[in-house]
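First chain written, first letter: the chains are A, B, C, D, E and F, and each begins at residue 1.
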Amino acid sequence: MEANAVLDLMWIVICGILVFFMQAGFTLVEVGFTRSKNAGNIIMKNVMDLCIGSIGFWAIGYTVMYGETIGSFIGKPTLFYDNVEDMHNLFFQTVFAATAATIVSGAIAGRTKFTTYIIFSFIMTVVIYPISGHWVWQGEGWLTELGFVDFAGSTVVHSVGGWAALVAAILVGPRLGKYTNGKSNAIPGHNLVLGALGVLILWLGWFGFNAGSELAISGDSANAVAGIVITTNLAAAAGALAAMCVSWIRYGKPDVSMTLNGALAGLVAITAGCAAVSPAGAFVIGLIGGSVVVLSIDFIDKKLKVDDPVGAVSVHGVCGALGTLLVGVFATDGGLLYGGGVSLLGVQAIGVVAIGAWAAATAFVVLFILKKTIGLRVSKVEEVDGLDEHEHKSSVYN
Amino acid sequence: MEANAVLDLMWIVICGILVFFMQAGFTLVEVGFTRSKNAGNIIMKNVMDLCIGSIGFWAIGYTVMYGETIGSFIGKPTLFYDNVEDMHNLFFQTVFAATAATIVSGAIAGRTKFTTYIIFSFIMTVVIYPISGHWVWQGEGWLTELGFVDFAGSTVVHSVGGWAALVAAILVGPRLGKYTNGKSNAIPGHNLVLGALGVLILWLGWFGFNAGSELAISGDSANAVAGIVITTNLAAAAGALAAMCVSWIRYGKPDVSMTLNGALAGLVAITAGCAAVSPAGAFVIGLIGGSVVVLSIDFIDKKLKVDDPVGAVSVHGVCGALGTLLVGVFATDGGLLYGGGVSLLGVQAIGVVAIGAWAAATAFVVLFILKKTIGLRVSKVEEVDGLDEHEHKSSVYN
Amino acid sequence: MEANAVLDLMWIVICGILVFFMQAGFTLVEVGFTRSKNAGNIIMKNVMDLCIGSIGFWAIGYTVMYGETIGSFIGKPTLFYDNVEDMHNLFFQTVFAATAATIVSGAIAGRTKFTTYIIFSFIMTVVIYPISGHWVWQGEGWLTELGFVDFAGSTVVHSVGGWAALVAAILVGPRLGKYTNGKSNAIPGHNLVLGALGVLILWLGWFGFNAGSELAISGDSANAVAGIVITTNLAAAAGALAAMCVSWIRYGKPDVSMTLNGALAGLVAITAGCAAVSPAGAFVIGLIGGSVVVLSIDFIDKKLKVDDPVGAVSVHGVCGALGTLLVGVFATDGGLLYGGGVSLLGVQAIGVVAIGAWAAATAFVVLFILKKTIGLRVSKVEEVDGLDEHEHKSSVYN
Amino acid sequence: MKKIEVIIRKSKFDEVKEALHQIEVNFFSYWDVTGVGNEKQGHVYRGVSYSTTDIQRRFLSIVVSDPFLDITIDAILKSAGTGMVGDGKLFVSTIDEVYRIRTKEKGTDAVN
Amino acid sequence: MKKIEVIIRKSKFDEVKEALHQIEVNFFSYWDVTGVGNEKQGHVYRGVSYSTTDIQRRFLSIVVSDPFLDITIDAILKSAGTGMVGDGKLFVSTIDEVYRIRTKEKGTDAVN
Amino acid sequence: MKKIEVIIRKSKFDEVKEALHQIEVNFFSYWDVTGVGNEKQGHVYRGVSYSTTDIQRRFLSIVVSDPFLDITIDAILKSAGTGMVGDGKLFVSTIDEVYRIRTKEKGTDAVN
């Protein structure tokens, strides 16, 4: 293989490894933002969706997503992918799939049956995510043909996870004691230091997530990669800053967990446009993402009364959709602010809605069936005592 | 230097950095799986074996392993290695050596004298590990000449550590209260969240461990590297999945700490054959590793009554040996299942036994001498109160 | 872009990502070495200086440092840097700037007003650090012209942070209860496991910090990079070992937190000379750094009575200056021990003093103004109850 | 005055607190303890199944003036039970004197 | 002998300890509890502002011989107060017997 | 009924538990406390050597019916001691009433 091709492959492998590490970040955020009595269950869910994602995507998911297109809708599946010249792409896509699945975990933490989660996670990885992914990233999907831009997956990965998470959180219902007499109660996370470490690990992994999505680094891609790293970092910084300021104004004090969510919101928001906007554009997108996430968490919690312990719906669903739309505004090539008119914005909106509807609908069907069969939720006693006690007969802190 | 050579060097350096990070993983696993009263001692042991490994391997160990061969048995030692064109290899091999040493630490946690451990760790790094390593990896060692395959060190690194750990755990004896009236008691680890983070960090570092062992990425190595990343990831995923299922069947619930050990077992098992087997082969090897580790932990704990708090002997010793043997079964070139007959399997068995015997025998001699001189074990009071109190006059949690 | 140029850019990006991760390390060290009641505040400070550094350095700081020189003293500032061919350098320099700012945080932990810290951190990133950085790294600064050698920033980054930290710690004053009747009291950190993880993450990131400062990896740089990785690792190992031994001798037991500081001391000390000294030189520099840091922490704590909870002044200030001076002794080209006479040593001393004076003076002015206006310190009640309670109305552990 | 020390299931704490609130006993202190008693809990750790009687519980200490004693006991007994082994115990003892630190008041006035 | 159980603000602990030290009461046990009482504390978590009466406090248990009772109470009342709601409570009860484990001594000799 | 409150070394807990088990006292509650007393422990943190009297201990609270009192005290005194300063203390006080939450039983029947 020639040096430039090696560079590209190497870059994809390295970025894949960084994205892999995001699993640790998701685990820590979810553990830290919830109560200690469920920490073991959260570890199991996160480790298992990584395992199931790794196996499922290799076994079939990858070709559902990237196989020869069937009507611009789905790839032709092949079992046990084994093309020795394409293993780097399989790896990179595998860790992306695992990310989509893991988002749901946070929104339904503390009350969901382990077996149910495992089954849902498997279907998410091999059906829900790869099909909509096919529409955008396979090259011949119907959204690609419309001109939809989602560079690294604000919609393809994060929104899909986020909307599925919303449906799941609604169907599972709130944790006991979360709402009493129509009032939302605070259920503080048990260790925000772990949460903060998780956020920094996610931020780290996001450099791989976004810059790796260039899928190359040789030739002209080199400067593009460097540009993506900068837009990614600026949006994250702006997101955290904005969330801190908004929380400071609204609640009188700079809130730790909101600030951390703000960084993630900025990262999710920039993911679609990281290669299409300028640093200044990324900065503004981050500010918007970080501000919106605070309002969205508030709204979902207090108005919709949907219990999402880690803010997954707001961070991944809302900011993912938002970031995708903002590409239509800030893209230096075709964005509204750069004289491109509203056509790109329109296409972006179509993509956001189509994929959102797909994710919500399929998640609903799957979860509804699971609800009617094995059930979604642990018993009241199990929930009160903690999932570790009953689902795993052990405790993580001794 | 020409671009392809730079690529290779860069790859080795990056992978070395990833392997370095495994030290954090080992530390967290060991801390998390044991009691809080010894956490400071565990930190010290892990940091010190990294330091001693780094210094000792540079000072002499590297040439004992890779120096000009003396009778295919040992390298010609030179002090203070200083070849400016080979520093990347020195670095990569240094972090490997530190890994071998650190494995022992976990098996003897909570009861071993700090000074004794330091001395043992030093001898491990500059004598025990590099000599058997010489047999396989220097290029002219006697096992290399036989055709023994251990790509990244299931045997050379992990089994050596694992068997030394077994000998050490036997000689040091079980923790107080571990066995009463011939019954094994549970001594739960104090923080499995740290343990889980440690396992994810190890999994991350393993990409460097295995894919870096290609020692190149240019030309044909590129696809090989990508393939290794996939086999490594699949085996880890399969290992965790298998361990979860086996623990679920045996104990009625999916066990958190066994699942985590299962991922490590899959990783250790695939290390020897990561470049020699197909993804499907890796998947099966992972399943076997993850299943065996649960049974092995059970067996060593309850039948052999050897107290190994983190399961180091089962994970590194047993699965390391197993993974090396399975190369003889699953290697696409020469494996039993691929029509290669039993000859490779035979060679693998010779290597596993020879190196196992070497590690166990030398560890025994060293530890026996230490036992008769400065002693292996802290006093009863020190153990009960915790090593932090007496060995370090401080506590890590305040 | 041609393959060699791509390699260089890729190396800078990867190293930048590693340096980015050091933020997690700093956060964990500071959290772990202090009391739990301030952990949320520490998270906020560390996340915010990263955010402010990222935004401020892009907005103006980068050109203050690297812009066309104005009298060899300061760069010509441009707002919102946007050179698409230089984004990798912007990124690498941004994470360096964030490091300099974050050092101060540790020295004033547990008693400083959040708003004050934010303002100071911003000025540090866009004024204090980039101006002295200009003198050394822009290429036409006055210290460069003198022949001052500070390869990766023992002085430019660490000492600047360290001396600013010293001034800040003096102006803010010690934590309540730290000194009673002229006696220094111990205020043990609440979680040294987090501290140890932080140190290992910093050690990891330092490979990017030092080896990335080569700013290239192609051609001749390749071996240089590998050499830097080795000198960095050896100095860290030697630093930890030396600190452990010195603490063992002085206090009767090998001290955990001192050993961890020793590793950092070795890393800071080698930063200036990592590309200029031999492995043996690095080993000795590490030993010196690790020994001095123990004595320095003692001296600053007990004699100067300056309360520096994490040892930032000793680690970054003292060892940074020391390491820079030692380049004059150990540089294989021009060092005292290699027959180069005292001229390099003299230049090094000028640089150390000049930059030290700059950092201390500007930090003093800024903090003095802040003290007279919004104040540096929280009220007594806030400090006793913990900053989390009053500055953030929340607690991180629940 | 009487001191009621009561050991309950952690999972019943919210209900007990609510029950005390109903009768306006809004003053007590609590902490987590390990309880040894008749209840056994099955655990598995790394393949070792064990059943332990060491179970996490919550300990409440409530000082009430004598007239409040019976209704407080009643409220707790009603709200803390599940009917299964391990519901816990309630102990009553006598307090000689109570002081409110803020006001230095003594006696029944200081109780709440 | 009397047992003094006192619940104080965590931030006042050092002062109380010092005050006890002054009167040579260098023997007691303490632990952290959550206290429910009149004081309310405002918190915000993820946008939900709430005011809680569950506040971290420190619980001291001190057994003293009868002659020491009054000065001990006095020392605590003086050092633990801030005058603001939430300063805590002090409870006195009677201890029938005390043993020092080390020496098996009983009675007043065993107290300190 | 009597309440035995005993403060022991954490390292002696297993032996005390076993001793109580021998005499069939399989019901008590325990938690970790910090004890201040005669024992001093040397510590070093970042170069500051200090000797502290604040030592980690375990606190056991055991309510027994009167006939059990003496053998329980005996079992504890025998198993908890090392003979070195810091073995801890044992306090006996009177309990007016005991309830078992599960069955609402009162009195001696409710003790275990």
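Everything that follows uses one rule, which is that contacts are C-beta pairs under 8 Å (C-beta built on N, C-alpha and C of every residue); 3 or more make two chains touch, one makes a residue touch a chain.
Owing to the predicted nature of the structure, the values given are computational and were not obtained by experimental measurement.
Colleague: Shared touching chains for chain A and chain E?
Modeller: Correct list: C, D.
Colleague: Give me the chains shared as neighbours by chain A and chain F.
Modeller: B, C, D, E
Colleague: With centres defined as the mean C-alpha position, give me the chain C-chain F separation in Å.
Modeller: 49
Colleague: Taking the mean of the C-alpha atoms as each chain's centre, how many Å separate chain C from chain D?
Modeller: Each chain reduced to its C-alpha mean, chain C and chain D end up 51 Å apart.
Colleague: Using Cα averages as centroids, what's the distance between chain B and chain C in whole Å?
Modeller: Going by mean C-alpha positions, chain B sits 34 Å from chain C.
Colleague: By the touch rule stated above, which residues of chain E touch at least two different other chains?
Modeller: 31, 43-45, 93-94 - these are the residues of chain E that touch more than one other chain.
Colleague: At which residue positions does chain B touch at least two other chains?
Modeller: Residues 3, 7, 14, 188-189, 191, 251-253, 255, 257, 393-395 of chain B each touch two or more of the other chains.
Colleague: Go ahead and list every pair of chains that touch.
Modeller: A-B, A-C, A-D, A-E, B-C, B-D, B-F, C-E, C-F, D-E, D-F, E-F
Colleague: Spell out the residues on chain B that touch chain D in their complex, using ranges where they run on.
Modeller: These residues of chain B touch chain D: 184-189, 247, 250-253, 255, 257-258, 261, 294, 297-298, 301-302, 311.
Colleague: Which residues of chain F touch chain D in their complex?
Modeller: Interface residues on the chain F side: 3, 17, 26-31, 61, 63, 93-102, 104, 110, 112.
Colleague: Which positions of chain D touch chain A when the two form their complex?
Modeller: 10-11, 14, 41-45
Colleague: Which stretch or stretches of chain B touch chain A in the complex?
Modeller: It comes out as residues 3-4, 7, 11, 14, 18, 35, 188-193, 196-197, 199-201, 203-204, 207-208, 211, 217-220, 222-223, 225-227, 229-230, 233-234, 236-238, 240-241, 244, 251-257, 259-260, 263, 278-280, 283.
Colleague: Which residues of chain F touch chain C once you look at their complex with the stated criterion?
Modeller: 43-50
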